[in-house]
Amino acid sequence: MRLHVPIRLRWSDLDAYGHVNNAEMLRLLEEARIEAFWVSHDARDAAVGASTAVIDGRPGADTITLISRQEVEYLAPVPYLRAPLDVELWIANMSGARLDVCYEVFAPPESEPRTLFARASTTIVLVDAASGRPRRITDHERAAWSPYQDEPLRFTRRT
Amino acid sequence: MRLHVPIRLRWSDLDAYGHVNNAEMLRLLEEARIEAFWVSHDARDAAVGASTAVIDGRPGADTITLISRQEVEYLAPVPYLRAPLDVELWIANMSGARLDVCYEVFAPPESEPRTLFARASTTIVLVDAASGRPRRITDHERAAWSPYQDEPLRFTRRT
Amino acid sequence: MRLHVPIRLRWSDLDAYGHVNNAEMLRLLEEARIEAFWVSHDARDAAVGASTAVIDGRPGADTITLISRQEVEYLAPVPYLRAPLDVELWIANMSGARLDVCYEVFAPPESEPRTLFARASTTIVLVDAASGRPRRITDHERAAWSPYQDEPLRFTRRT
Amino acid sequence: MRLHVPIRLRWSDLDAYGHVNNAEMLRLLEEARIEAFWVSHDARDAAVGASTAVIDGRPGADTITLISRQEVEYLAPVPYLRAPLDVELWIANMSGARLDVCYEVFAPPESEPRTLFARASTTIVLVDAASGRPRRITDHERAAWSPYQDEPLRFTRRT
């Protein structure tokens, strides 16, 4: 099963070529990840998959999430769109302190055709804020995330 | 009358102090402005004040909007919030090719207290894309924007 | 007397119009300020006015600098340039915990003509990190900065 | 042989964790790439490997560079540094319209220890601006870049 996270572009995501910049794409994935996995402490914000949002990301929280690795294939330039992109997101691996998140970034659901703009994966390491050392995925986290575990992406452009 | 434009933060709007960066605030105002005044060409996107959205901002459009001046008073640090900020927006002056947009940036409507984070104004000049020269506000634009014309902000921190 | 701080653009400072984005301009001023006023703890970095660099900006330092106000007049669009901009910077007022920094942003010194791209001012409040309250400019800071005190900018586009 | 490109951080590259943000790292690589491969049209800017800088990146130029793929391993968090990072950069493959650029991002040369912060690769496709279609690497480009051709990076964190 996959999460669907709507992610709005900003006009400033465009670079001088008039397309969403390649680095900015990683910020969009970051937002999708936060929306999906981080507890929201705003009462009214329960937009997406509240059941998977179990990491406390507030300043002073127990856990820090470090990015260990990222891989992106850019399949089509992303123009400026006012309707949110549809970021599909799932977990390919969970082991120890490590989590592999995969994404497929699509045009807004109503678009014709429904372009696949990018495929990506991010390896996250959960780190104990106090000790600065990796800490294992908890049973609670594993239970929340297991329904969204799926096959890893196959990247086709590696040399 | 004022427009209310909901603007979502991104986690990357925060700087190393853990607050929304002062420069990033101008990007949030930029988004609010685009939402309010630029025609959306996404069928499903009619979130805010469609009646005021009369500037065509697409690549190749007739008009470019240049920023001539900005002024911001930062009244309280903006923490990371998942619910959208409530950007109030109105037009203080329209004359010739020039438009003064004013903003008050509030915490999300449900927040208690409803903090006023910032006050700002932006002077926009409408420029003809072909000639690169300022071009007058059209009757159509003036009619669309007049209902949202209001007193200019009084800035209190000028020296 | 004025400080001259060379500030390099990045290609990503450009927006879809192909010019340095208006919000990004504030990041460039931020960099110029840091270069001028913050102690560098890199041994080899003594590029600019070391004598004015007396604020310790490291994580965990005693002082936080908050931005209370900014005003910018954009006089000419800034194209992508590889040679650093020449940011002239001086202090207009110092009183209590408050500091008004003024800037004029010029094309690189070798350019012909030497375009003035923008004029700006930033009001900074020095805040004690522990108490979160404003703290007075110290004698040491005042002595370091006094040689660079000059007339405030006259903004010409206020309405 | 490898190019060494000094890349300065900005304070705004840090995120709320106080480290250079993972997405921002790609902007730093973008800057290194531009410095290395794009012709500079500033007379005074001949900082790095002018002999490899053969792509004309100006607005209206014949060639657009699209990013097709990126991969990054983040080996250590990058703190705020005033001295420039030392980005080592070389070309792993050139074939047809495609170029694989590899990077190792090191602490400034004077640092002790000289930390390796990240390893990355970017696949670039050269596109003819007029037709929008890939165009082959020219003999001139190949001659300029061949001295900097080296083994591809071995990424160690792929699953």
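Lettered A, B, C and D in written order, each chain numbered from 1.
Everything that follows uses one rule, which is that a residue touches a chain if its C-beta (ideal position, glycine included) is under 8 Å from a C-beta of that chain, and two chains touch if they have at least 3 such contacts.
The chain list, named the UniProt way, goes like this: A, B, C, D = Thioesterase.
As the structure is a computational prediction, the values presented were derived from the model and not from experiment.
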Counting C-beta pairs in contact, does A-B beat B-D or the other way around? A-B
Is it true that over half of the residue numbers where subunit B touches subunit C are used by both copies, so same, or is it different? same
How many angstrom between the C-alpha centroids of subunit C and subunit B? 25
Whole-angstrom distance, CA centroid of subunit A to CA centroid of subunit B, is 28
Distance-wise, how many Å sit between the C-alpha centres of subunit B and subunit D, to the nearest whole number? 35
What positions in subunit C touch 2 or more of the other chains? 11-12, 16, 18, 23, 27, 30, 59, 80
Touch graph of the chains shown: is it line, ring, star, complete or other? complete
As the complex stands, subunit A meets subunit C at residues 11-12, 14-16, 18, 21, 23, 80
Enumerate the contact residues on subunit C facing subunit D in the complex. 8, 10-12, 18, 27, 30-31, 34, 40-45, 57-59, 80-83, 108, 110
Listed in rising order, the residues of subunit B that touch subunit C in the complex are 16-17, 22-27, 30, 59, 64, 66-74, 77, 92-93, 100, 123, 152, 155, 157-159
